[in-house]
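Pasting the structures here.
Presented sequentially are two complexes of chain A, the first with chain B as partner and the second with chain C.
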Partner chain A sequence: MKYLHYIYRNARRNPVRSVLTIASTAVTLFLMMILVSFFNINSEVAEGFEKYNRLIIMNSEGFAGMVPISRVREIAAKPGIVAVTPFSWYGGKYGEEEMPFAQFGVDPTTIFSIYDELTVPPDQLKAFINDKAGCVIGRKLAEDRGWKIGDPLPLKGQIYSFDLNLTIRAIYDGPPDRDLRMCMFNWEYLDEGLKKGVSSAESGNAGIIVLKAADGDRLVSLSREIDDEYRNTDKPTRTQTEEAFTKMFGEMMRDLQWLITAIGMAVVFSLVVVAGNAMAMALRERTTEVAILKAIGFNRSLILNLVLAEAVLVAGLGGLIGSFGCKFLCDVVDISKYSAGTLPFFYVSWRTATLGLLVSLLIGLLSGSIPAMAAARRSVIQGLRKVV
Partner chain B sequence: MIPIKYNTRNLRVRWVTTTLTVVGTAMIVWSSCLIFSLVEGLQHSMSVSGDPLDLIVLRKGSTNEVNGGFAKDTADAILTLGGIARGEQGMPLAAEELVYIAVVERNDGTHTNAIIRGVSPASPALRPKFEIPEGQGRYFTPGRGECIVSHNVSKRFKGAKIGGVIRVGEKQAYRVVGLFTSNGSAAESEIWVDINDLTRDIGRVGNISCVQLRANSAEDRAQLQKTIENDVRFKLSALEEQDFFAKQTATSDFLKVAGTLIAVLLTIGAMFAAANTMYAAVGARTREIGTLRALGFSRFDILISFLGESILLCLIGGAIGLLATIPLNSLSFGMSNFNNFSESTVTLRAGPLVMAVAMSMTLAMGLFGGLFPALRAVRMDVIKALREL
Partner chain C sequence: MDEAGFSIQLKNVNKEYRRDEFRVPVLSNLDLQVAEGEFLALMGPSGSGKTTLLNLIAGLDRATEGEVIVHDEELGSLSESRITRWRADNVGFIFQLYNLIPVLTAFENVELPLLLTKLSKRRRRENVKTALRVVGLEGREDHYPRQLSGGQEQRVAIARAIVTDPYLLVADEPTGDLDRASAEEILDLLQQLNREFQKTIVMVTHDPLAAQRASRVLHLDKGKLVSDLTQSAQIGATS
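Moving on, here comes the complex of A and B:
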């Protein structure tokens, strides 16, 4: 403990060098936090879904396949189910904007009992249920665009040949790790329009079906039951827990994840090299001093530890600033707003930030090891003789 | 001017520091180049996919093959229009196609959405340099549940080898009989099946996603476009293929933003590292700088010399980083396509864009990293510098 002051003074001796090392570690870890979070958010959110007891039923061939709407009723009749809704991706244009935000056709009467972590004022919900051409939008979507209740929201069909002339009837809110930029409308409004239109063949498709079970233990048997029931129809289903369903999206990005991991490793390695370089430069200047320390009785392992501690201090400080700075910045500024709909929300979790700090400590340890060993090993005579 | 040899020799004398800095910069340049070669590969596949004489006919208002579709009868009428180019044996170069996205298993057991395209006899001729190379099997025979896959897809999906069986969803399976290439175009992400087989298997008989066709000339193309868009029989949208592909940028835009963020932040990080090395270089050479000034070199000479050294240092790193991306060229990657949630295969490509990125990163690092240390060298007082130990 008594050496702490010495280590600290040593780190401050060449302030420009230490600040530069700290800055380069901080900037790089800041970047790593963003990259790691980008991939972690998906699985973190997915894990959080477990307690909501929800199942997602899709066509076994994927999203493009159809799930007949009649199955919503059939499934709702099963025991142990709280509520069921169709959840149909509309993917329409708003003005000339393609895919401006997610739009889903749902059952207004059940959607908020299934997603019960989302809140909507009762009078607004009533207005949404009563207006077939009404819709409910997320708080962040309303804030981004300055939309209010009663505003019209026309959407042009891209997948479906029916345009929606929606009116905003309700605004929902929810926890920060939920998509608060969705637009949900009455599924029947879309289906009736399709039935009247030229392509009535498109009608009757629930897209996917979401259900909430009363009891989490029922989920496995329930999903098997549903898939077995439809296995021999022309539209077999694949039923997954919401957790597995969400993770599937992460799986789609797997190769990109591989690439980002490769980049992350390269960056950590280059930080080790860069910080090690700085440390080596610092010790080269102090060769005589280290020799004197040894001459007055400091042993090798103490010298080794002193140097390592200094390296860890510098890198750790950079890591602290980079990773926790990134976390707090993301908490204050809503980055997802600038992602043009690619990210519904963005945050850096405590877990990720702590990981960043640990990585920086490791960088410090690795970068300090070679200069520290060299300093510990050099003989007193050699060190004293060297002219810097 | 101070001869450049002064700098190169200096870098050599301080070889440990030089090597470490070079390795650091090289890794950083390499990482950014990696992501930009993905962007470039994506852009390349989009740019070779479109032929200037080709039109792609979609349902009105649709900008994407997967969204909706229209009746086969309407498509049949399009095939009879005048002005369509003819291929071998007088076959019109126009193809009805059905695009279907389905869950397919990857080699490692995970699942992804792949594009299954039901094609017509004219489809291959409408793709750039479509061929099934010698020894890579043959084209499929309709009606036998056969398919062909691109050589890229064959490396990635389970059963996608010749003689293997690709399972699509739970009910369909197609036997692979050939591996095709198509000059790195968008087709190389796809599995091709006969359109009649596919429509029957998935219960979409009488429905197609798009018609691809090639016009005889630019005038014919304009004429065809007008007919298909305005004639009461059709009322469809006919997009020029090049425009169509140019618009499929959602994924590459996203990657470009991500890549720029990565490159900029890493460059800043590397700038600090370069500055560190250069500060040390300046610090260790205080007396030398004093001597140089005493010999009559101007402050400007000193500035240029140290900036030059810093740029040289980073250039070596940048060059190594760029060279290290070359072995990864032609590595194929599965990228989620944000237009239709399917997986497209992208081949990494280090071309002009990647070189420009590497170049600007290195210059920025060298210039800004070297600037402050060089200024410190410039500001030194000659007498004091000479007196320094």
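Moving on, here comes the complex of A and C:
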């Protein structure tokens, strides 16, 4: 503690160099936070799903296959089920915008019993249930677009050969780590349209089915039971928890994640080299001073620790600004708004920000280690030779 | 003190440096005894070995051969960490270019050697203030080196050298970078430390006027002692 002011003053000795080192660390950590959060959010959110006791039933072939709608009723009849809904991706155009936001065909009577962390005013829910061409949209979507109850929401089918002429009947809200930019409409409205059209073969199916169980302990046996029941049909199922289902999306991006991680490591390495060079320059200018300190009794390990502490202070300050600055910026500014629908929400968790700070401290340690060892090893006579 | 009553003893000391494949002898078969409380000036032309001798006495460098005994400690036998500790406890350093830490105030510069001790913050403060008072710099505690004159900087350096109350002060050209008036003040101060506080002082200098302040002057040439002059009469004349 008694050396703190010395370390602090040394770190401030060349303000331009220190500020540049801090800035480069901060910018690097800021970008790393964005990238790490992008990949972490999926698994963090997935882990949070465990308490909701939800199962996702999809065709065993994956998203390419469908699940017959009759199974919604069959599954709902099983003991221990709270509610079941079809959940069909529509993927329609809004005006000239392709994939502007997520659109799903659901059962209006059960959807908010299953996703009970989402809230919707009772009168609006009633209006949504009573209007087959009605839809419910997330609060953020409504805010982004300036939409309100009663506004028309026409969607042109891209996957299905039926266009939806929806009317906004309700606006839902929910926790910040939930997608508040979805549009959910009555699945039956879509199905009836498909039956009337040329591609009636598409009707009668759901993309996936979502159920909520009364008891989390039942999830494993229930998923096995459902898959066993449909194993020998023409459309066997694959049932998994919502957590596993969400993580599956993360798995799809694993190669990209590795690539980004490798690039991130390369950036950190180059930052270590840059910060190490700055530290080495700083110490070269202080060769005599270090020799004086040794002459008056500062031993090698103390010199080593002082230099390392200075490097850690500078890099740590950059890390603090970059990591926690990024977190607070993402808390204040809704970055997902500018992601054209690819990110339903975005945040930097405390865990990720703390990890960023630890990485910056490691950068400080690594960047300071070589100059620190050189300073500690150099003999007093070598250091004093400049002046004696 | 050893049996002969000398606080610094060099016995048949040789020192050579290696320059690539060459060996450069700097000190040859040097014998020297310095009594406690002596003020010794080392003079000689550049390259005569006076700074090397000073470094050996101060425990900054090691003899190639021979013994360097200071305050009953044979410095050649001490490990790196022990000799560092020994320097902190026994030696105060004064350099030609003051070598203060520019980012620390006068107070903080003087306090530096005390950070290595177990003294409380309050005791450190008291010791620093005392040292600054001895060198006549009360009220300048919060000044940075750039805010002081050369003479004042050297006074801070002397305060740093004496703040741990070391047994030995070594000074390498302490007036070499000062004007005459400031140099006289610094030499007065060194004499005061020698006489009032009984500090043993070994000073390297090129300046005959500075050497006159010492109680004994040694001349070196090509690594050998060429004259040894005790000059109490001169001291009396100048003081």
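Basically, the second predicted complex is superposed on the first by the 385 of 388 C-alpha atoms of A that agree within 3 Å, B and C clash if a C-alpha of one lies under 4 Å from a C-alpha of the other, contacts with A are read in each partner's own complex, and residues count from 1 in each chain.
The rule is simple: contacts are C-beta pairs under 8 Å (C-beta built on N, C-alpha and C of every residue); 3 or more make two chains touch, one makes a residue touch a chain.
Predicted, not measured: the structure shown is a model, and the values here were computed from it.
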Clash or fit, chain B versus chain C on superposed chain A: fit
First, second, both or neither for A:Gln158, with chain B first and chain C second: first
Touching partner for A:Ile292 - first (chain B), second (chain C), both, neither: second
Chain A-centred angle between chain C and chain B, computed on Cα centres after superposition, in steps of 10 °: 90
Which superposed partner A:Lys2 touches (first chain B, second chain C, both, neither): second
Greater residue coverage of chain A in the superposed arrangement, chain B or chain C: B
Which of chain B and chain C A:Thr28 touches, first, second, both or neither: first
Three-chain overlay, closest Cα atoms of chain B and chain C, distance in Å: 13
Footprint overlap on chain A, where chain B in one structure and chain C in the other make contact: none
Chain B residues within the chain A interface of the complex: 16-17, 20-21, 23-28, 30-31, 34-35, 38, 59, 61-64, 66-68, 100-103, 110-113, 168-172, 202-203, 207, 250, 254, 261-262, 265-266, 268-273, 275-277, 279-280, 333-336, 338, 341, 343
Residue ranges of chain A in contact with chain B within the complex: 16-17, 20-21, 23-25, 27-28, 30-31, 34-35, 59-65, 91, 98-99, 156-161, 199, 201-202, 231, 234, 236, 238, 248, 251-256, 259, 262-263, 266-267, 269-271, 273-274, 276-278, 280-281, 342
Interfacial residue positions of chain C with respect to chain A in the complex: 51, 55, 58, 60-61, 80-81, 84-85, 87-89, 93, 95-97, 99, 101-104, 108, 112-113, 115-116, 121, 160, 172
Partner chain C, residues of chain A touching it in the complex: 2-3, 5-6, 9-10, 12-13, 288-289, 292-300, 302, 380-381, 384, 387-388
